[in-house]
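Heads up, the next two complexes both have chain A, just with different partners, chain B and then chain C.
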Partner chain A sequence: MSLTGRRFTVTDAIGIAAFLAMLIALYLAIVESPIERVQGIHQKIFYIHVPTALVGYIAFGVVAFASIMYVWKRTDRWDRVAVASAELGVLFTTLMLATGSIWGRPVWGAWWDWTDARLVTSLVMWLVYVAYLMFRSLGESGPGTYRSAAVIGILGFVSVPLSYFSIWLWTNILHPVPTLQSSTDRPEGSILVPFLFGMLAFTLLYVYLMSFRMRVEESQRELNELRAAQEAS
Partner chain B sequence: MSRPQQASPPGYLGQIRILLAKELTVEFRSRETAIPMAVFAAAALIAFQFSFDLRGGTLNLVAPGVLWVAIIFASLLALGRSFSREVERGSLDGLLASPIDPGALYLAKVSANVILLVVLEAVIIPLAAILFNLQLFQPTLLLTLLLGNIGIASVGTILSAISARARAREALLPIMLLPLLVPVIIAVVRATALAIDNGPWGDIQPWLAILAAYDLVFLFVSSLLFYVTVEK
Partner chain C sequence: MENDFGDFSPIFVFVAYAAVWIVFFAYLYYVARRQSDIRSQIDALKESEREDEDSAESNG
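Moving on, here comes the complex of A and B:
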């Protein structure tokens, strides 16, 4: 930071906090948390799997909210929030699908199982936002594309509750109803604390990458405008 | 079309009626959508026959999926043309310049696409019933088809408008449409399977309820948001 003469910003602080929280979360998950009786050491991947899934849902929620705000306010900033959050949502959802698959292989003997509702609906959600990003990358940069993208961002959100609530809807073998909600057996602190640290670490990482990605998008658009102005003159 | 002079501009429903009449006139004169759709779906059914060997025990298991995949793929022909045709001819700007509610334009396009799907199904359902010896003439199946058509058309029409001006629109439309249609596909295939097997109404009804809810949500949200996609 001092090397480039740049001032220390809030974003930098969040980045450092995310890094530290990630280290603590990893330590707690690998060293401190107990080894699960049935699944053994494989269960530990859940300290990454569940936070990435939840942060992915949040990211797509942000896409929908920012899309609504863009339709309403028509300010460039909301569109930048939407595109940045969609990319990060796809990133976290990819991590979620990958870690789930890695867990699945040793524990139930297959990388993939089409009978599990949440697995399938999560893939659908991932595809919806990949399509969203593809639309953005194929459209020319400008309000026309931003408006249509906002509509996809709003309509596409239907896939998020579909994935989240799928475990209550139909066939569900692999994804238990959240322990925190099935009141009677509350998870022991030894499981809950590493999980919450994982949540904190990935949420901070999301916020950090968001501010980073939005700055990149802003610079990109400035650059496009400058190029357009240069070509016009 | 000659229409009687109207003293006051038509209301929302009147606009839908006029626009739908325009859609049907264009289709009736050009015949460029309904017939290709039906021929394509029939060809797809034959391709599926050779891919899955649709006979005997597996037939009732595979047939609902085969039927709906054929319908959805054929629907892409109608949906792809729905707005790109207007953009190519420059008639979309004319439509938008006229005092028409964009929501009415959306709903008229949805209705036209539903009608095209009904025409398509009127051809391929009897064809499938004959070719594969299926019991397809069930009242519950008719309801499933109608709700499924509305689902496909409501999602597909707004995506058609969105992709009409984009590059690579032929690829974009299915890429965006299929994931968003997954809930519809799940519900219609389950309901169709139950209808073919003469399943009890109590088993079919929840799938139709999901379908109806999905249709209503998409029709409502899309007709509100439609102006955003077409405005200049």
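Moving on, here comes the complex of A and C:
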């Protein structure tokens, strides 16, 4: 099927589904979800803050898995998956940090608090993957760099559970235990549905951006090979 | 309208949601631009390779 001469691909279908899911998630979060009693309208930031955080964790999990597969199989495809997912993980985590900060200002009275373990460990996790991307962009393109990056991708994953479990590992007064897991404050259905839809929307968006970003990585390697061949001849 | 946490103005919610949408569209634009730049460089290299082959054939 085609309107512009280009074939309609699965990636296009995922992109459209992600866009529609984002619109529905926005409607559910802003219009349908109830206004929370204590935080008021500011609690609605929860519906983008938590999904971006969780999809960021998933993206870094994919980096670790692809890095292990690269060390094991030594196939370039796993390296491409790792670098694409690291970039998206940094993107989602940047949004998580930004929306958290915007949420914190009216609720905690501060944009940032260095005593909060979740904030600090999340920032450390973000810095680990920014360093991973900097190492990738500064290093030569080749198996040596890919191998070293894979080691960073595997070891760097330690920062992910550290960030997630920080609210239980350290005494923490700002970040609450996740509402969905709190035995005393279970969410009503009207809160759960927009949250789950937000998760679906951001996961679809991640899958779409991954396939889009992977294409760039494949083209970049084709270009590098062509240049190397031309220099050799 | 105020509570213990400050005012109930929707500005923070608006900024948070707008930031997410703007960043995703900006990233999509950036990746699309990058892909199109790389593709045009590949096409230029392939073109110059073809020209080199043609001139080598005509000289040989």
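One rule holds for everything that comes next: the second predicted complex is superposed on the first by the 226 of 233 C-alpha atoms of A that agree within 3 Å, B and C clash if a C-alpha of one lies under 4 Å from a C-alpha of the other, contacts with A are read in each partner's own complex, and residues count from 1 in each chain.
Throughout what follows, contacts are C-beta pairs under 8 Å (C-beta built on N, C-alpha and C of every residue); 3 or more make two chains touch, one makes a residue touch a chain.
Computed from a predicted structure; not experimentally measured.
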First (chain B), second (chain C), both or neither: which does A:Ile48 touch? second
With the two structures laid over each other on chain A, which partner does A:Ser163 touch: chain B (first), chain C (second), both, or neither? neither
Partner chain(s) touched by A:Thr93 [first = chain B, second = chain C, both, neither]: neither
Quick check for you: in the superposed arrangement, does A:Met134 touch first (chain B), second (chain C), both or neither? first
Tell me the contact category for A:Gln220 with respect to chain B and chain C: first, second, both or neither. second
Quick check on the superposed pair: does A:Ile102 touch chain B, chain C, both, or neither? Answer first, second, both or neither. second
With both structures placed on chain A, which of the two partners, chain B or chain C, ends up touching more residues of chain A? C
Scan A:Ser122 for contacts with chain B and chain C and give back first, second, both or neither. neither
In their complex, what parts of chain A are in touch with chain C? 22, 26, 30, 38-42, 44-45, 48-49, 52, 91, 94-95, 98-99, 102-103, 105-109, 205, 209, 212-213, 215-216, 219-220, 222-223, 226-227, 230
Chain A contact footprint on chain C (complex, rising order): 3-8, 10, 12-13, 15-17, 19-21, 23-24, 27-28, 31-32, 34-35, 38-39, 41-42, 45-46, 48-49
Residues of chain B touching chain A in the complex: 155, 158-159, 162-163, 165-168, 172, 175-176, 178-180, 182-183, 214, 217-218, 221-222, 225, 228-229, 231
Chain B contact footprint on chain A (complex, rising order): 71, 121, 124, 127-128, 131-132, 134-135, 138-140, 144-145, 147-148, 150-152, 154-156, 158-159, 162
